[in-house]
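Sharing a structure, written as structure tokens. Questions coming.
Chains: A, B, C, D, E and F, in written order; residue numbering restarts at 1 for each.
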């Protein structure tokens, strides 16, 4: 098998020390089966079926996160941009899965490569590579296709994060193109540094389910785009005053966050890459603890600082906790998970306020939630486990810097060529009419919020 | 014939409607408006930034009445809508030159 | 065991040829256990437990599709008919499950019968039939009850499809009665032709998870009903102009489609009828690929033809891809899945435009999505696998024709007797007030859309 | 192992009599493994992995119920209290999981204790107790952590039920404090009487998944709170007239109920505490049958009594059926499940009307759905299985009385000290502005409903 | 210059707009209002309790026209809006002392 | 006392409000309306069929001012609301015979 396991050191941290066992997968190793049928009759088949089933269920849960992102972004933006937000999210999941099929999957998990730039197999590999070994435990604890669909659902996440940050002003075709390149090329490329067994993996970096590889990456891509794009019209008034632009539906935003919370059980739990009872149940526990701790911390901090319990901050707090625990969900203790969540929930409130102060306009708080808390989560593994803090720092900065610079370059290029921002007129009228000629809520009377 | 426009607090509408019924005024047209005046709006916070809601919800009641009923009508609205607190609203009396009931072509005082 | 496996030829197509193995289930065959306890201690029990668990999870996912249908239909209709739409969907799932329990399940999977008309066991069978064999792998890869609940969730789908097409004008009691007969009688009857081992199965027809049996059936039942019912008032103006009637909530419509997409992993994945790692992961892959290809094609085509990227078309495109792949999710290659999805996504746009031109008023596009793409998907199996195109044509036409004629007759009868359409006054005021005396959004001001 | 299995008599009722087998788990018993690794290589590991996976999936489904509760409550209240409703639900899930982690889990499943008052292990146990035995089938059919996360998701449910009943007028800090004590202390305490092997368990009480322990408990806690709190302003007019206060979004309410229905497959199905194919598939079947029967009964009764098919009643009917079947989902026949659901669906309509008549103002019908139908469900086990009716009566009354009296005392205390009700001004302006300084739907024009 | 305020049934707006166009009136301002009058509201039920919806949706059309067009305008509206059933609405004619087009500073008859 | 009704573009409301404050007019009532005029609506597409949105969102500002302030008020609104592009709106000046402040029973110029 050329393909390396995604997280070869998954069992190699705190937990295995505590329980004194080595990886399940390690024992499966290289034996091959003559045919799939032979495999189905082998002793380990039932366990393989469980593991594979869990990967598929996890893929379904991660898929649901895309609905979560879509509704969260919709809820936290204005009604006049709703169709546009939903459309972008439809595009992202579509392109995410398709480009990953055509190129990304093979590029990201390339097995032997120089460790920095993976070019992937020829586009056709997915359709043709029907080697029996890929469907058995000689490959992994799940089939090649189970692997593909789970990873494909992950891939689109990075672009979704950017979507929220650039909402309400980005030109549709430019954004669509950006997504294709980001998800189709930059994400698998940098992902392979760690999950594909590249240079960061070789150095000993640890990022269980992607605090840096997915969230830090997405958050800093978002930051670059927002810098190139500028804030929404009317957000920052002359004289330093900030005029908040209110999200139009708190139920939609809340539905989004609950779905993301749910989906994260698949995101983190599935990253165990087997249904190992101990690990998956442990990861569920740390994930839930960090999420609610994030929510509680954001409640307390926003109440203390802003003087009112701000629902949108609590929602961001949940997500902050989830992003925070993503790097070390299997590697830190349960009390550490609570602390990681609490810190993330506090960080996110201050980060959002800070970005607003420096006029980085991020309607949904994506940069703070995914970027800043992604760094926090990655570093926390260095603080709360045996992992080296220094290596964690190098790893997270590598991802954030790469995403930032890549996006800065690409988005600047798009700005110079096709243009990335809708006209002021269109922005004030709303992108639904401007880009789509559609209304999201034609039956409802909308208030013009210029003071009214 | 006069058109009386009363801008009142929304929760007073029910009482104004009843007060008008009592003096025999059985028709009115109501719209939801926003008022700006001495009564100040409130300051809210969204994700850490303050904003002011300047315009407060009010209800505007349009009632057309024959000239001789104007005094009684104004009185009825005033009493029903008063809370004594700032923001109770205003009543404007405007001339109307003609009134027509669409259904019957009636005009003038019979039309209301 | 009298009961035949649902898809006996499941392993008999492209995949098994590639991997050179025969059906898992085939090897389980006839051995019986003395008691359930004995079975739980048998060697194959763990595998049986996985398989059964997956069928149950798949049932839960298909259940969720009903929420998807409900929100999609709500989003694509006017706010004044919202309560009515939601109420109909509550009714459909209720009646779907109950009639399937009382009669449908036994009628649809009748084992030995004449192959055309299945009358089913006596109503009581479900409650009484507690033969141990039905709970073991002597029956299938899952228990009799697992089988029931999975199939019951499917059953209601056909009626849900109709619901969308007749929305905003159908009289509630007539529709409720129609649903009872369609789901309780016509669907199990025709379903047994194939999945019950009837004449189409004998002929060699292949419809993996129901492009024809469920979707074609529902779509053509919908077409018949719309013909009998007529278009919504004001949709088709004298002089051939079409006045679009706008759906009132794009977020609800989008939530609906994402939930349907998610549920389809259960719809198709569960139709493997076991947790077989290769097949289920493969079906997940083809399902996702076809769905996103449908979305992409609809994006491109609607942008090209209508000149704007129309969100509702993209949403329909996803569903078109999903319906398209349903017949052959386990039997076609991954590139074929992409092509099937692309074609379905293009078809659905043109089909919706075409039906509007011939004044078939279908608020949600159900006829195009389920009916037309159901045919396409069924035929595609003939194009992209070793399956005979001719037999696929016969099969799909049989289902569509039966559903069309049955519904035409039944709905005409209901029209002649109790009446199927609300009064023009009620239609203009909305069915929420007319049929239910309720408002869906009492706090919000609604715009009268006669131009305003 | 100190920890007792949650439902030791799970296999001891109707079903085992029919199938003549004893508990799976019983045979697993006491054997211990030297290390987790040894366990992973043991024969039973694959089955353990399935069972554990199902408990985790069930936990995820129960988590989703919290979104269901949140959207249902949002839909059935006014738009001006939406942020407040959503915020409360975020708090409940957060506190539910955290307090259960710190104290509740160990208090509720205490193993050896006096049977009445469980004080639980020291707060730290979760983080430290890493005994290998807790991760193997020597503990249960799932790991200690799987157990924790599943039970933790349950715990918050009781408070969520109260949330709906006190909505639109309760003071936020008081409610937040109430939740902490109810979920953190009263629920695990009384839960241990049965599920912890306490006095009710010893007496032979049977409550499969918590008709009394969770729903009766929550419903009667809600009743006490509503009595102390009083009705919403304007609901009961002088002269005995009732002025209904309309819920503001029927789609949100419907989404909530469908999600709850879905989640209940995990709530009941997970309470099997293993993936036992027979039991879980059977529980899925009875759960679905009771739910739809409840919906059908509520449709018929509301149409008959109120003269219109009331969507909100149908939604409550589904939930009534679900609460009703919860106590006996594994112990009653399928036809009994239908009858239990039908009766519950009828009861709930009359109960809602009755509570309105005696001026108990419960915006979402929580007292009727969870309290009254919780009692019905518990008693129904005495009617439709071999279980003693008398003991069922004692058990359900114990839970309802305890919850009622505890909440009455606590909420009265809060009333006397910090105050439990917002000012009339705040109530009329809405709690969103009053408690949170936020608007849920700033873009939409809201109708002042004082007649308009 | 007069301001004609017509309160009509919402579904008649399209016809009224066309009728006005035909006589050369090309501008108008429309608002959604609620009407109370002889046409009674309807009784609905929510969770078993009755409530009355007293105020019915209407549309108010404001049209400013030169004096000489008033008769024709009223006539056009009346004919277009009439259904003959109760609740068809009213037309009020009010004096306007000045009209200004903001864009051009034009005033008087040219401004409309 | 006159009632000045200004129909303006929604995003100009803030500026109009400030312009009025500057000349000492501290009260106004605002409603959201739809306007039809020379400024044409836009054509949209839904599922392949075109439709026209004829009526454009406008804001109507009602301000009652003493007679001597009318000129200044009209001027202030006009300047603040002008963009020079079609659809800027109109100002109507109407007579008001009486004004009452509900809270205090004051009437006439003191009431506004």
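One rule holds in what follows: a residue touches a chain if its C-beta (ideal position, glycine included) is under 8 Å from a C-beta of that chain, and two chains touch if they have at least 3 such contacts.
Because the structure is predicted, anything quoted here is derived from the model rather than measured.
> On the document's contact criterion, could you list the chains that touch subunit A and likewise touch subunit E?
Per touch definition, common to subunit A and subunit E: B, C, D, F.
> Calculate how many whole Å lie between the centre of subunit B and the centre of subunit E, each centre taken as the average of the chain's C-alpha atoms.
Chain centres of subunit B and subunit E, defined by C-alpha means, are spaced 18 Å apart.
> On a C-alpha centroid basis, what's the spacing between subunit D and subunit E, in Å?
Each chain reduced to its C-alpha mean, subunit D and subunit E end up 54 Å apart.
> For subunit F, which residues are shared contacts with two or more other chains?
In subunit F, residues 17, 30-32, 34, 45-46, 54-55, 94-95 touch at least two other chains, as defined above.
> Would you please write down the residue numbers of subunit A that are in contact with two or more other chains?
Where subunit A meets two or more other chains at a single residue, that happens at 46-47, 50, 53, 57, 246-247, 249, 255, 308, 310, 312, 437-439, 441, 444-447, 451-452.
> Using the touch rule from the top of the page, what pairs of chains touch, sorted by label?
A-B, A-C, A-D, A-F, B-D, B-E, B-F, C-D, C-E, C-F, D-E, E-F
> Note which residues of subunit C are touching subunit D in the complex, please.
35-38, 40-41, 45-50, 52-53, 55-57, 59-60, 63-64, 66-67, 70-71, 74, 82-83, 86-87, 89-91, 93-95, 97-98, 101, 124, 126-127, 130, 132, 135, 142-146, 148-149, 152, 172, 249, 252, 255, 435-445
> Give every residue of subunit E touching subunit B within the complex, in rising order.
2, 6-8, 31-38, 54-55, 58, 60, 74, 77-78, 81-95
> What residues on subunit C touch subunit A, complex-wise?
Checking each residue of subunit C against subunit A gives 18-22, 24, 27, 44, 46-47, 50-51, 53-54, 57, 61, 78-80, 246-251, 254-255, 258-259, 261-262, 265, 269, 275-278, 280-282, 284-285, 288-289, 292-293, 295-296, 299, 308-312, 314-315, 318, 333-335, 338, 441, 444-447, 449.
> For the complex, give me every residue of subunit F touching subunit C.
Residues of subunit F touching subunit C: 34, 45-51, 54-55.
> In their shared complex, at which residues does subunit A touch subunit F?
Touch list, subunit A to subunit F: 428, 433, 437-439, 445-448, 450-452.
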